[in-house]
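Per-chain numbering from 1; labels A, B, C and D assigned in written order.
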Amino acid sequence: MSSSIGNRVRVSIFGQSHGEAIGVLIDGLPAGERIDREELQAFLERRRAKTKFSTPRREPDAPEFLSGLVDGVTCGAPLCAVIRNTNQRSGDYGKLRDVPRPGHADFTARARYGDAVDLRGGGHFSGRLTAPLCIAGGIAKQILARRGVTVGAHIEQIAGVRDRRYDPVAVTEADLAPREFPVLDPAVREPMEAAMWEAIRALDSVGGVIECAAVGLPAGLGDPMFDGVENRIAKAVFGIPAVKGVEFGAGFGVADLRGSENNDLYYREGDAVKTRTNNHGGALGGITSGMPLIFRAAFKPTASIKAAQETLNLATGEIEPLEIGGRHDPCIVLRAAPCVESAAAITLLDLMEERG
Amino acid sequence: MSSSIGNRVRVSIFGQSHGEAIGVLIDGLPAGERIDREELQAFLERRRAKTKFSTPRREPDAPEFLSGLVDGVTCGAPLCAVIRNTNQRSGDYGKLRDVPRPGHADFTARARYGDAVDLRGGGHFSGRLTAPLCIAGGIAKQILARRGVTVGAHIEQIAGVRDRRYDPVAVTEADLAPREFPVLDPAVREPMEAAMWEAIRALDSVGGVIECAAVGLPAGLGDPMFDGVENRIAKAVFGIPAVKGVEFGAGFGVADLRGSENNDLYYREGDAVKTRTNNHGGALGGITSGMPLIFRAAFKPTASIKAAQETLNLATGEIEPLEIGGRHDPCIVLRAAPCVESAAAITLLDLMEERG
Amino acid sequence: MSSSIGNRVRVSIFGQSHGEAIGVLIDGLPAGERIDREELQAFLERRRAKTKFSTPRREPDAPEFLSGLVDGVTCGAPLCAVIRNTNQRSGDYGKLRDVPRPGHADFTARARYGDAVDLRGGGHFSGRLTAPLCIAGGIAKQILARRGVTVGAHIEQIAGVRDRRYDPVAVTEADLAPREFPVLDPAVREPMEAAMWEAIRALDSVGGVIECAAVGLPAGLGDPMFDGVENRIAKAVFGIPAVKGVEFGAGFGVADLRGSENNDLYYREGDAVKTRTNNHGGALGGITSGMPLIFRAAFKPTASIKAAQETLNLATGEIEPLEIGGRHDPCIVLRAAPCVESAAAITLLDLMEERG
Amino acid sequence: MSSSIGNRVRVSIFGQSHGEAIGVLIDGLPAGERIDREELQAFLERRRAKTKFSTPRREPDAPEFLSGLVDGVTCGAPLCAVIRNTNQRSGDYGKLRDVPRPGHADFTARARYGDAVDLRGGGHFSGRLTAPLCIAGGIAKQILARRGVTVGAHIEQIAGVRDRRYDPVAVTEADLAPREFPVLDPAVREPMEAAMWEAIRALDSVGGVIECAAVGLPAGLGDPMFDGVENRIAKAVFGIPAVKGVEFGAGFGVADLRGSENNDLYYREGDAVKTRTNNHGGALGGITSGMPLIFRAAFKPTASIKAAQETLNLATGEIEPLEIGGRHDPCIVLRAAPCVESAAAITLLDLMEERG
């Protein structure tokens, strides 16, 4: 399989950028959970990110629920939600197959599926497919919230400009609440925006990092070795287009630490066992410790840039100039926070449902 | 499930550090593949790393094959191989459950499995369980080699001392060959060793980074979204104890790149389509491009250190001093390269078998 | 998970009888396969069975394809097809939860999902969910046909009236072709219809048996023990509501045979290895032999009957009379052949794709 | 995969008849469960069936536990148990590949795995592989018993001689207890034995049917469509060599019933909801009703018979006489009851663990 993830709560994503519709099927949702449509829509809007930088399609991204709900409440049957694609165009389709855009999946998708592959607008590999991911994520977040688990994310870095990180031992629900421009330190917004303007002027794009955290998790979730919290979250997060790295807790920073610095010491606070630092990021041996779960995901700069590029014409074997039309985000990180939250939320709900 | 991974070639690992045996079950291996026992043993010895720093157990780690082979050739039936644990001791068992070692899975494992959990020597969470992983990995490497795919790894970093990285577009089989001290630049060995001696003197430990590459892969392996090459390799690599981050190609470095820098331009070389740079690390949209697959994994410093630490006594609720006896590696990164290669190799073989 | 089946080609079914829509998601279909919509529609009509006995809903059951196709050809991305429910009614919903209909899943579904369960018209347990199964089955049949594999089914038994069985060694594609009244021996139609009229007059219903066969399969498909052809087909066929038994080849009849009678002797015909009899039904050790795959499925009589019944009111604890309104098939076996073919076809396509 | 089954409790079987060992790996067993070794051994002895008819190998079938237990109690880590093969012989190996025994998997296994396949004594397809299945089953039965669930089985039929069936509404734990000759009606033993003697005298073998039941199950276990109780049990039971059919409750008998006869009417007994009849066999819509779970499995006559047979020499293309040496059971049904119980028990434990 491919576009499907989860053991007990299984999320399957379908659709192509320029097909009839995109959507998500969720099998295994607990029954009896009310889905707040307004809250879900607000969450989806965060992904659409109607900022001055970004270029959302006209579609409202309002999901239609085809199954799984009765009067807005999950009934236990698989939930299917779809979003219609209203502005499909297919003009340059044939051309695309022969002239793969650098940094996109055009070439690899064709290698995988042959000439029948749908590359229009990126096809099934389009960033647009994060919309159904966010439907699943938004639903999972609502259910998790009722169980005391809050998931949030912020832009930790754009083009080298860094926000402060979550306090790994004291991140609060308030820290995880959505913001119009999702950074913790408002002062970094201006330099981040400046970096993006600069990229736009250069007909270029920039990359960044999203940091995500979940609080309220019980200790003891996850399985050892290959089905631990980190394994599963990494598997989900690498499903978001453009992600090139995932790290938990101190992450790659552990390479510079000594054991005496990296080890998180236990203590008791009330009835809870806690650690004084949180370099482990909330998981040890693949199993949650009850401390905040914290991870970061690196996003490459938008592959579609306006600057002139060259590429190989697979049909002719010639290098030829490539111009990518349309408007494209100079930085998809702006819209990535809810996607990362979604990947985390569907994984955590799966883990919680598995434990029963 | 937990200690099991793979779609078509499924690797399941079992055993506890101080139990009767550790082992691996591999279901779905292609039939008719000769397993070179000497080559496999040499691979396993790389993990045992009898260096002056490390402390291998006395066991020879010679796997016994219980099934799946006839006269040294795979017969298609599930292959089971075990390594006996010869020096089990269980003296301090009861104590362990109440006094979780910082940085280990003692606390989380108990939260997960309750009082019946086996924490002796780390139980099922012990680094010793990487031995059966390497049995599977060594077998996968042999089969992959026959199909023209070579997997290798080196120490990219120990305690802040960095080796050079693989040339992402020109890494060769020779670069991937095993070395006694697995670095590309022999000059970094001395400062790495010095850093480890320093840590030893401080009764402490250090972390590091392993870089892994695979060459010879065809384009078109992998599935979109959640079952791509990166998703699966990350899921496997996070199964190695102490890994806190995984990144592909330019990895977290993409956050500082512009699209025009990060995009890898296509060209043709003979019949092959290649890219002039390889920031994508060999996978786009989860599917192999045919360029070298390159990723790095961050390893935290060994949690077991000789320096005095404190921990919480879960039974009494008191903080108490903790001393960890025995000899422990000051840096598990020394032994980690074959483990990371194994995680990659079993995943790549699975991908190749899936494609048929 | 629940409503999902398959390893490499994964079929997931969603929808409730009185919800917005029912549908199917197929992940892993080979790319480049043209889907003949007319042929598919004709196949779906066989399930709707507009005979004098049956009571199809008004809906045309015309699937809308939301994804996975470009110009009618599979593109490798997950294929989603939906059928709108046009005549949803929800009048008696509340009542249903308290007064489970005998022979239906009302009681068990409520035990499983609690009060939020959707029982309107059977909800996700309705026979109507076999329509999306047949979409998947019809697609699988078209792809299989291009690979030389033909799947068909007939009514082997209704209310004790028996059709002749397929000739297990010589069943042909012609035998497997659809018929208006799907029996092999036209002479059994009249007594079968008479039995159904009699049941209708008695306000009652009757059961039966479907026999299914596939020809053109290569030898060597399937895996031993739990993932063999028989295991997988049984798992799929028991997914059709009302199935209470599945048997392959000589089936339960083997209990009366001696080894010397049951063993199928090998011989060569041209280049092919064949067996002179086919008591094994085309699979030995879970693996296809190349002989016709033959199995039968027993269907219970329609649970919804007009005759007066009693049931337990779960709210009051009292036994009370139950009358089931609406029109119901006196025998679902009439419509079951394409459902059984579908269960077989999706399983066989999965097996063939797995083998590559 | 192949020899592996289960969602939450995953049972994987390995070994070949004439290899080093056979065994089972169980991943996902609940922690803290004491395994009574004597009780397990007694269960395994039932499979060995040292009757006057059967021909057990000399091996004591005493499992060695390599992992997953500490002092006889499950610790949550994967449990691996192995049985050594002490009397491997491999004399006629080469011959076997060319001269497939009728009714065995020799031919299909070779079609699947090629010349490297292990056919010695049936290889991985041997009935001997039911020993590790019974290790898993015996463990599952012990855990189920602590949760109030009892699983048992009896010979319902041998060579046309029928035992009475379980009372579907009133089967008791006593009915399910093991017996030396596992029939409910002692009077059928003599004619069954007579039928077997007759087959032995004719150098032949006979088939039969096993009936299995489980009592004490809660209502609400199982998932709709493809992951229901019946789907899963059928998938497991078809994993036992020689099974050709599986039916639940009234089974194939439903074809002769009217709806008014087949529908099971609800009533209340104390706090429990029950049905007055149990044609549904304990599952409706794939979900347990709380009534006894009842199913039957048809076993073909032993394929290895002493009588002269012919077979095809695949190398020469000639039909040649075949004589099968050694001693073979005239009826494997004698030893099948614990195997069927095991298939049921591992499935039911999986279902219960999934529900949490």
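Going forward, contacts are C-beta pairs under 8 Å (C-beta built on N, C-alpha and C of every residue); 3 or more make two chains touch, one makes a residue touch a chain.
Keep in mind the model is a prediction, meaning the values are calculated, not measured.
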Check A-C against B-C and say which one is joined by more contacting C-beta pairs. A-C
With chain centres defined as mean CA positions, report which chain is farthest from subunit B. C
Expressed in whole Å, how far the mean CA point of subunit B lies from that of subunit C is 46
Centre-of-Cα separation between subunit C and subunit A, whole angstrom: 39
Identify all positions of subunit D at which a residue touches two or more other chains, and write them in rising order. 1-4, 7-8, 13, 77, 109, 112, 124, 224
Tell me, which parts of subunit C touch subunit A in their complex? 1-4, 8, 10, 12-16, 19-23, 25, 27-28, 31-33, 64-70, 73-80, 82, 109, 112-118, 120, 123-124
If you look only at subunit C, which of its residues touch subunit D in the complex? 1-5, 7, 13, 100, 102-105, 107-109, 111-112, 124-125, 129, 157-160, 199, 202, 204-209, 218-228, 230-232, 234-236, 238-239, 241, 243-268, 273, 275, 279-281, 283-290, 298-305, 307, 309-312, 314, 317, 319
List the residues on subunit B that touch subunit C in their complex, please. 7-8, 77, 224, 354-356
